[in-house]
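Chain IDs A, B, C, D and E follow the sequence of writing; residue 1 opens each chain.
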Amino acid sequence: MVQIFGKRAVKSGLPPGTLVHIGQKRSDRVKITVTEYSEGQYQSREIKEIKECLPLKDEPVTTWIDINGIHNLETIEYIGRQFNLHPLILEDIVNSEQRPKVEDLGKNLFVVLKSLSYDLEKKLDIEQISFIIGSKYIITFQENSEDIFQPVKTRIKNSTERIRAMGADYLAYSLLDAIVDNYFVILEEIGTKLDSLEEELVANPTRETLHSIHQLKREMLLIRKSIWPSREVINSLQRGELPFFGEIAAMHLKDVYDHTIQVIDIIETLRDMLSEIMDIYLSSISNKINDVMKVLTIITTLFIPLSFIASVYGMNFKYMPELGWRFGYPAVLFTMLFLGILMLVFFRKKKWI
Amino acid sequence: MVQIFGKRAVKSGLPPGTLVHIGQKRSDRVKITVTEYSEGQYQSREIKEIKECLPLKDEPVTTWIDINGIHNLETIEYIGRQFNLHPLILEDIVNSEQRPKVEDLGKNLFVVLKSLSYDLEKKLDIEQISFIIGSKYIITFQENSEDIFQPVKTRIKNSTERIRAMGADYLAYSLLDAIVDNYFVILEEIGTKLDSLEEELVANPTRETLHSIHQLKREMLLIRKSIWPSREVINSLQRGELPFFGEIAAMHLKDVYDHTIQVIDIIETLRDMLSEIMDIYLSSISNKINDVMKVLTIITTLFIPLSFIASVYGMNFKYMPELGWRFGYPAVLFTMLFLGILMLVFFRKKKWI
Amino acid sequence: MVQIFGKRAVKSGLPPGTLVHIGQKRSDRVKITVTEYSEGQYQSREIKEIKECLPLKDEPVTTWIDINGIHNLETIEYIGRQFNLHPLILEDIVNSEQRPKVEDLGKNLFVVLKSLSYDLEKKLDIEQISFIIGSKYIITFQENSEDIFQPVKTRIKNSTERIRAMGADYLAYSLLDAIVDNYFVILEEIGTKLDSLEEELVANPTRETLHSIHQLKREMLLIRKSIWPSREVINSLQRGELPFFGEIAAMHLKDVYDHTIQVIDIIETLRDMLSEIMDIYLSSISNKINDVMKVLTIITTLFIPLSFIASVYGMNFKYMPELGWRFGYPAVLFTMLFLGILMLVFFRKKKWI
Amino acid sequence: MVQIFGKRAVKSGLPPGTLVHIGQKRSDRVKITVTEYSEGQYQSREIKEIKECLPLKDEPVTTWIDINGIHNLETIEYIGRQFNLHPLILEDIVNSEQRPKVEDLGKNLFVVLKSLSYDLEKKLDIEQISFIIGSKYIITFQENSEDIFQPVKTRIKNSTERIRAMGADYLAYSLLDAIVDNYFVILEEIGTKLDSLEEELVANPTRETLHSIHQLKREMLLIRKSIWPSREVINSLQRGELPFFGEIAAMHLKDVYDHTIQVIDIIETLRDMLSEIMDIYLSSISNKINDVMKVLTIITTLFIPLSFIASVYGMNFKYMPELGWRFGYPAVLFTMLFLGILMLVFFRKKKWI
Amino acid sequence: MVQIFGKRAVKSGLPPGTLVHIGQKRSDRVKITVTEYSEGQYQSREIKEIKECLPLKDEPVTTWIDINGIHNLETIEYIGRQFNLHPLILEDIVNSEQRPKVEDLGKNLFVVLKSLSYDLEKKLDIEQISFIIGSKYIITFQENSEDIFQPVKTRIKNSTERIRAMGADYLAYSLLDAIVDNYFVILEEIGTKLDSLEEELVANPTRETLHSIHQLKREMLLIRKSIWPSREVINSLQRGELPFFGEIAAMHLKDVYDHTIQVIDIIETLRDMLSEIMDIYLSSISNKINDVMKVLTIITTLFIPLSFIASVYGMNFKYMPELGWRFGYPAVLFTMLFLGILMLVFFRKKKWI
């Protein structure tokens, strides 16, 4: 639940533009990684304070500042002053319950996306990643999802990779691509869960199964809410109406857009499958009740008439001629046997056994 | 129910433009607060009659007239004459069942929004707030929800706050922002209720739980009906097609618009969660019936055949050889025991126990 | 049912433009009321035949001809000839199953709307009202719903009312407003029914309750079908693209349009509430079955094992040592009591009692 | 089922433009009716081969060629050659599973619609009717639904009817109108069925009732699929963007368009009613189960405790003091009676009896 | 499941443009068929390596290169270099989980579609077919669905067929047409399955039936996901905004587009029918439970009171006068018979038997 509302409401009543970190604080320290590269050059270092790298030097390199720890408001404010960002933008960066969106700020571009992962206890973890994209620099803000950008960092390090020869726009594309690619990993994990749920349903559905179905449904709800708006964000990037994106990066963004649509397609299919599985669960419960009812009815219908006959001959009337008959007892037993068989034939005809 | 229809129907048949207060009258008196401020100046006073402050003096200040008590028709009519408002507008102000909307009246702007709160008995309370927005003044009309604007009043009082330096458009933005921010508080409260409902469901669902789910669903219905149209209202304000909103206020309104979409997102998610919870309730009932059925079936299936055997040997036939056997009784007991165990094995196989 | 299809099919095969009255004939006679007024002048009279007032005299007055009894085809045809109306328009007037619509006929405007009311047996009654709107005259056609226009007639009579000073366009607006205002009355009545249904549901749901829910659902279906298209009709009137509507009337029409949207909002909310109520009914039935099942299971589970014990000691074996024991009987009774208490504890633990 | 897929798949793999009749062949022969008329002139004759009337003579008459039997491919091909129709158009004519559509072929217009009827065994019969509309001629293609055009033929015969004075466009309108008018007849029949189903539901719902509901649902599915696209077809005709339709015919087409929307309205209402009826059926089943459960529970709960008491006194213990009491038997009987009454009071309180 | 996600996630983290075959590898070898033809000329040969036919000779022929085996990355890369294709396009070709789409690459057109078939084990098999369409050549990429294009190959071989005289655009049309035509075959097969499922439902619904319904639903989900986007693809082709398609081919594409819409219509109808069938299944289960309940209730209600009477007279009280009566036994028997008949009459009245 926390993931939907966090503490957004704490801000109610504060003047607009007040920086308040909303979301889970994952670590006490802030980790800032500065990567500078051009075709021939590469340097990556971790710094303690943002002041060490700002203002940017006027060199022909692409600079990527990756900030881990948006709870550190001083860093955010310092960047805001350096890049002349509106307080409302800074507010959006530290409010991790922002909706994915893109805003053209004139001198740079502000993009918010969501990254998904499963934490150590296998709970879905939705993280917000904000981008400030300039012509020669990119600043990424997150609380704690460094891993997702690791492949991009590795590629930049490797001087033979294409990315080294390209500018900040291509870097932006690579980072967005990394986020969207990661969605596939999460959805595949969910697909696997769904498969095993389905097997459980066929083999032996328990209350645990139902609980898992509902949990998965809840997760799909959150994932859908996080990813749907991304579509519009990436679409407006790839339409090329926004600055900073050269032709090559734009063409690659079209690919990212295709992937986003595919992700949404998969989400919808998974949702359909989940309700399908829920239906199967419900009809299996229904079937079970039916089964139990049948057994109950067969046993009752079989024995109640027979018991009645027995209790008739258990009456203590003085004058019950049958009781004195030589073969009364076996005759009654045979009658009962015959009645029982008749019943069984009736059940067979009714397709109950 | 009252909150949906009030007494709208009492107006049927009256000539258009007839002022009739529709909605709950919350207090007998009307409270009028006049706040005048500019960067260097600030005055706020409560007045008895609207005539004390109108017509507005021609000074370079921003004036905010906050009217609490729309049931007082004379006040409304006096304002209408002073600002030359159409009777239909006045009608909308006193009809608290208006739909959120914005109307460009040429010399000023008419905006209607809904404010949500929980009253003392924890019942959802939907209030209508109307705005007359001019280039240098704002008039707000409500019946009794003063608290919602308290933070804004405090900010205006404080001479260091930005709001003091800005005009009526920024004040309008601040008031709208206060209303939308308040939605988050309400939704968070509902989210908390939903969480505790879910825990109840897992622990021990009762009829009370079902009742609470339905109540919450009903509340969501009302909230959704109140907030959805606000989206279009704030959108048309932020698109900048309407007068009076300078660039700065317009940019801030974009932020309010983002929040409104986020609110609607949360509403839809909460609704999805509610139906989810309803589903869980229903399948838990279904499971319970199943459980009860199983116990019934196990007991019946176990004892009915055994009782039958006992009643057979309770018959009074003269010639029943088994009755005379030395070990007839223990033999029958063992047979019964054996049958019982057989049944239990069958139940175990069927996964009923 | 009749209200949906009437006898529309009787026309199949007839040449287009053939006048056939479709709908219920409510009275044998036709009642024609002619009202002529200007700011200083007023005359209202009931006439026997339409010829008495047509063709219109060339005076500076607004004329309103209100025709009650569209089954009278001669009247319709006479008007058609006088005002040069296309046969298809006349066909639409007498076919009371027309969909609400507006048509610009050049020299006049043709509008069809639906009016709702409850008849004496509290059954929903949907009536069609057609308007021919010219620059100086309005003709209204209906079968029998005079009451709805009564307030307008009263207002015209009263020389101090604004309507007297305005033209035919303002009259048209007043009539449309009267129809839409009446929707609120009907919806409020339905809201009241819904409230009492809900109370019934809580107190003691019977089959009658279910029947009422379905009836209300059916009514909502019909109301929705009648009112939805009105939205588009009134919208195209208020957009001012059509002739005859001056600025003042157009502004008032915007108000009617707002009301129509509000009506549709309420209809949708009522529909949502109805399905909510249906859900409550269904889960209350489900709960009831569960309750009955529990009682059955408790009784059966309690007594079947005890009866079994009793029947064991009712067997007639010669050698049953327990039967001879001095305290055999009380021992068995205590065993039974103990078993019974054990069961009750089990039920309590299962939360069944 | 056949009505949805027919043998469309047989064409898979054939070169495009290959003529294959898809659909049910209703008669062995082909019936061609040629009607030529102008204001003063009228001739209608049935011919054996299409060659007898083609190419059209160059006279100032309107020619209508009505072809019954689209399975006869030579006729279709001959017409194709004479009127220079594209093979794909001919393919559409003989493929009776075409979707309703309109195509502007330059020299003529190609229209496909569906006609509905109930056959002798009361099964829904969906027929395809294709039109080739030229400036002076119309060719209609169908397999076997002559009756639907009978009223138009009769009207043409009658020299006083308006249709005689009009051209091919008015004829086209008349034919389309005949088809759409016929929809009302079918829908009314369905409405009647629905009414009788509802009465059955109230009186005595059986499995047959359920079957009928499902059948009706299936029919509605097919009808909807056939009629929905007609809306767009007739709309593009009435918008007047297509050639051949003069002003008068266009105005009449607007009327046909209104009817089509009305038909779709009725279809949607009928579908809503059907699901309503399905709901009623399901809750009546639910109620029935509840009823049966109650009877079962009452009987069981009433007699099981009493039987238990009786079986206690049926035990054969030697020392059971009560058995020897003088009034033991009547005491037990009274106890039983008392218990039974107690139970009945409990049931009454629970509102079960 | 595999069909939805395959191994798309393996690519996460790889640089964009890296070729990785995603999907099932169906055969170890790659089969390349080159067909060259013009009106007078025809040659078709199977080659081992793509180098044998590239670069294309500059002759006035249409060349179709059909590549079976997209897992062979060298072939794809070689074609990419020869035709100057962007690495992202090549990536799409070998990623068989692409969404159907069309891309205008300037010098050629890139089209992705899905082909459906049932494999030997009657499992739905969704294959991706990509097209590179140039002015004089077409390259098709697939993994293993050669059969679908067989009819087109045969037609090209036959010198009298129209296709020989047309260019690459007509060939492209023919191939698309072959794919879409095949959809009808698959849907017809599903329709047949649905029919037999329905018969099973009426005759004797088993758990197997339910399983089949769910399987069919799942298949429909996958088919819908594969075919829906095709609609937009073929629409943008037929709108003629893309190069390479002459007027004749464009007209034929319109026909393909009509078929695609028809396919989607059928899919939706089939889905509606499937939920209908699911409903029937569920209400048949419900009916069955009801039936079982009735039998149980009849038997129980019939015999429990009778057994009670018998057990009363089985009590061992010393003073039970009835036991000594001469006709006590037959009197009790008659009482029981009378009670039994009374019950049966009651059941008959309740319509249970």
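Heads up, the rule we're going with is that a contact is a pair of C-beta atoms (placed from the backbone, for glycine too) under 8 Å apart; a residue touches a chain by one contact, two chains touch by 3 or more.
The shown structure was predicted, so the numbers you read here are calculated from the model rather than taken from an experiment.
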Task = Provide the labels of all chains in contact with chain D and in contact with chain E.
result = none
Ask   = Which chains make contact with chain A and with chain B at once?
value = none
Inquiry  = Suppose a student superposes the Cα atoms of chain B on chain D; what rotation angle should they report, nearest 5 degrees?
reply    = 145
Query = Using the average of all C-alpha atoms in each chain as its centre, how far is it in Å between chain B and chain E?
reply = 43
Key: Euclidean distance of C-alpha centroids - chain A vs chain E, Å   = 27
Key: Interface hub residues of chain A, defined as touching at least two other chains   = 286, 289, 293, 296, 300, 304, 307, 311, 314-316, 320
Request  = Pick one for the touching-chains graph, please: line, ring, star, complete, other.
outcome  = ring
Message = Using the touch definition from the top, list the residues of chain B that touch chain C in their complex.
response = 1, 4-5, 8-9, 11-17, 86, 88, 91-92, 97-99, 101, 204, 207, 210, 214, 217-218, 221-222, 225, 278, 281-282, 285-286, 288-289, 291-293, 295-296, 299-300, 303-304, 306-307, 310-311, 313-316, 320, 322-329, 332-333, 336
Inquiry  = Quick check on the complex: what are the chain C residues that touch chain B?
reply    = 150-151, 155, 161-163, 173-174, 177-178, 181-182, 184-185, 187-188, 191, 194-195, 251-252, 255, 258, 261-262, 265-266, 269, 272-273, 276, 279-280, 283, 286-287, 289-290, 293-294, 296-297, 300-301, 304-305, 307-308, 311-312, 314-320, 350-352
